[in-house]
Amino acid sequence: MNITLTQAEAITTTARTLATAHAVAAAFAVVDTGGNLVAFARTDGATLITIDTAIGKAFTAISVGGDSINLTPAIQPGGPLFGTGLVLAGSRSLVPYGGGVLIRAEGRVIGALGVSGAPTSDVDHEIAAAASAQVPALPSH
Amino acid sequence: MNITLTQAEAITTTARTLATAHAVAAAFAVVDTGGNLVAFARTDGATLITIDTAIGKAFTAISVGGDSINLTPAIQPGGPLFGTGLVLAGSRSLVPYGGGVLIRAEGRVIGALGVSGAPTSDVDHEIAAAASAQVPALPSH
Amino acid sequence: MNITLTQAEAITTTARTLATAHAVAAAFAVVDTGGNLVAFARTDGATLITIDTAIGKAFTAISVGGDSINLTPAIQPGGPLFGTGLVLAGSRSLVPYGGGVLIRAEGRVIGALGVSGAPTSDVDHEIAAAASAQVPALPSH
Amino acid sequence: MNITLTQAEAITTTARTLATAHAVAAAFAVVDTGGNLVAFARTDGATLITIDTAIGKAFTAISVGGDSINLTPAIQPGGPLFGTGLVLAGSRSLVPYGGGVLIRAEGRVIGALGVSGAPTSDVDHEIAAAASAQVPALPSH
């Protein structure tokens, strides 16, 4: 089961509202279970780095099967992925910081949301986690 | 002057309505004057190739300062760009086919729209041209 | 519905048997509906170019929603994609020649097979088409 | 002397059996002495990151002439490769963590195996090391 555009846009709309409440200009990206882009929006004033970073965070979450913030402890000194950092590689970037979260519906992963733009990636994660928790049911066709 | 997210989404909404009227599943991308992604949406059922192609068409238009369909004659035998074709390179792909158009407001280029998904790129161009002609005025803040 | 490894390997085994019957050393790649690699095998003596080409053919088929051989007329002089050729870009290469075919089960696309190594891509296509037509049913778990 | 597909598949079959015994969904990649892919399999449920990581671990082992786990101390503070981490670059990624091991036959390196998917890369290494130690003799043709 893959995320629909309707679901993806409902989630990014929620995330944008939350970001606005935080006075954060940011980029928002949703990828499907294959890691391929479904929806993207960058609010006015968000920096250019947020583009690849937001997409990369969503790709990272779907790629590792967990929220990207979970990688942060692993890349610290003594951690199993020490030395790994941001790897910008277009739409398939690895971003081991907060802001990429899995999106689930009916208990299954259907995609991932990436948020980039807040002063700290913890806030990106908060926004992404809150927004991704509000997945609308599949519209009846 | 750069396109705003509000303008970008108004244009992609128009393009999506037109595509639906053509029964076309497609991807829609808007880039700003720097060639950087502002808004993107891929409707359910659009193939994966539409992702990079739609973004690439918008990038191509802003990069060459004209609609991407204008490049098609140039790549033909005897043309000045003969031999050039689709070059997929993530968000900075060259796509010398119809579907990438400049977006203007008050006589100035403010961004570009890329559409990919129709059976022929001529239809992608038609949709993109019609949608980009309907730029909303900048919202008053 | 995505292809399983069991299904992917059954298909590549069939393709390898067919290639051997043609005395062809080749590479065989299966990707899922997201364009991500599931199974790969390169027989002894197959050239290095077959690696990215086989994976790219499978990716091309899933990306455009049709067999890669269907792109060949479109890239000819006068065709809508004239000028486009082989674009090697790792696992997401565009290969507009025969050898990449969709894999269907119960009427739905579940992945794609790419074959590269025969003296002509028409033979690659024949092998791929014959093999992909023999998808085993999902194993009962 | 280069690894054959028969040998590569015997090794990945062993590795897959070991992974199953550990209840690990994983990707398995074998490259030849040129660092080029020979065989690959991703078991159902393995995350997408395992694809490039497994291939990268095998490439890393053959590239540095030793098991990839040997790089982990070198990238620590004070180590000669401090600052180096995971570099995802398609089939030629650098992965300085456990799971990439050399494959030897008759005392000579004939290829490398990469395993990715276990909860820790130490387990990936264990599986890879155990599997690569069981290289079948070259089949008599």
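Letters A, B, C and D mark the chains as written, and numbering starts fresh at 1 in each.
Going forward, a contact is a pair of C-beta atoms (placed from the backbone, for glycine too) under 8 Å apart; a residue touches a chain by one contact, two chains touch by 3 or more.
The shown structure was predicted, so the numbers you read here are calculated from the model rather than taken from an experiment.
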item: Homomeric contact chain A-chain D: same or different residue positions, threshold half; value: different
item: Greatest separation from chain D - chain, by CA centre; value: B
item: Relative orientation of copies chain B and chain D, as a Cα rotation angle in degrees, nearest 5; value: 180
item: Which of A-C and C-D has more C-beta pairs touching across its chains; value: C-D
item: Gap in Å, rounded to a whole number, between the CA centres of chain D and chain B; value: 42
item: Chain centre separation in whole Å, for chain D relative to chain A (CA means); value: 30
item: Separation of chain A from chain C, taking each centre as the mean of its C-alpha atoms, in whole Å; value: 31
item: Distance between chain centroids, defined by C-alpha means - chain C, chain D (Å); value: 25
item: Two or more partner chains touched - positions in chain A; value: 34-36
item: All pairs of touching chains, each written as two labels joined by a dash; value: A-B, A-C, A-D, B-C, C-D
item: Chain B contact footprint on chain A (complex, rising order); value: 4-5, 9, 34, 36-44, 48, 51-52, 90-91
item: Sites on chain B touched by chain C in the complex; value: 47-49, 72, 75-77, 82-89, 96-97, 120-121
item: In the complex, chain C residues that touch chain A; value: 32-36
item: Of all residues in chain C, those that touch chain B in their complex; value: 34-35, 60, 62-65, 75, 77, 80-85, 87, 89, 92, 94
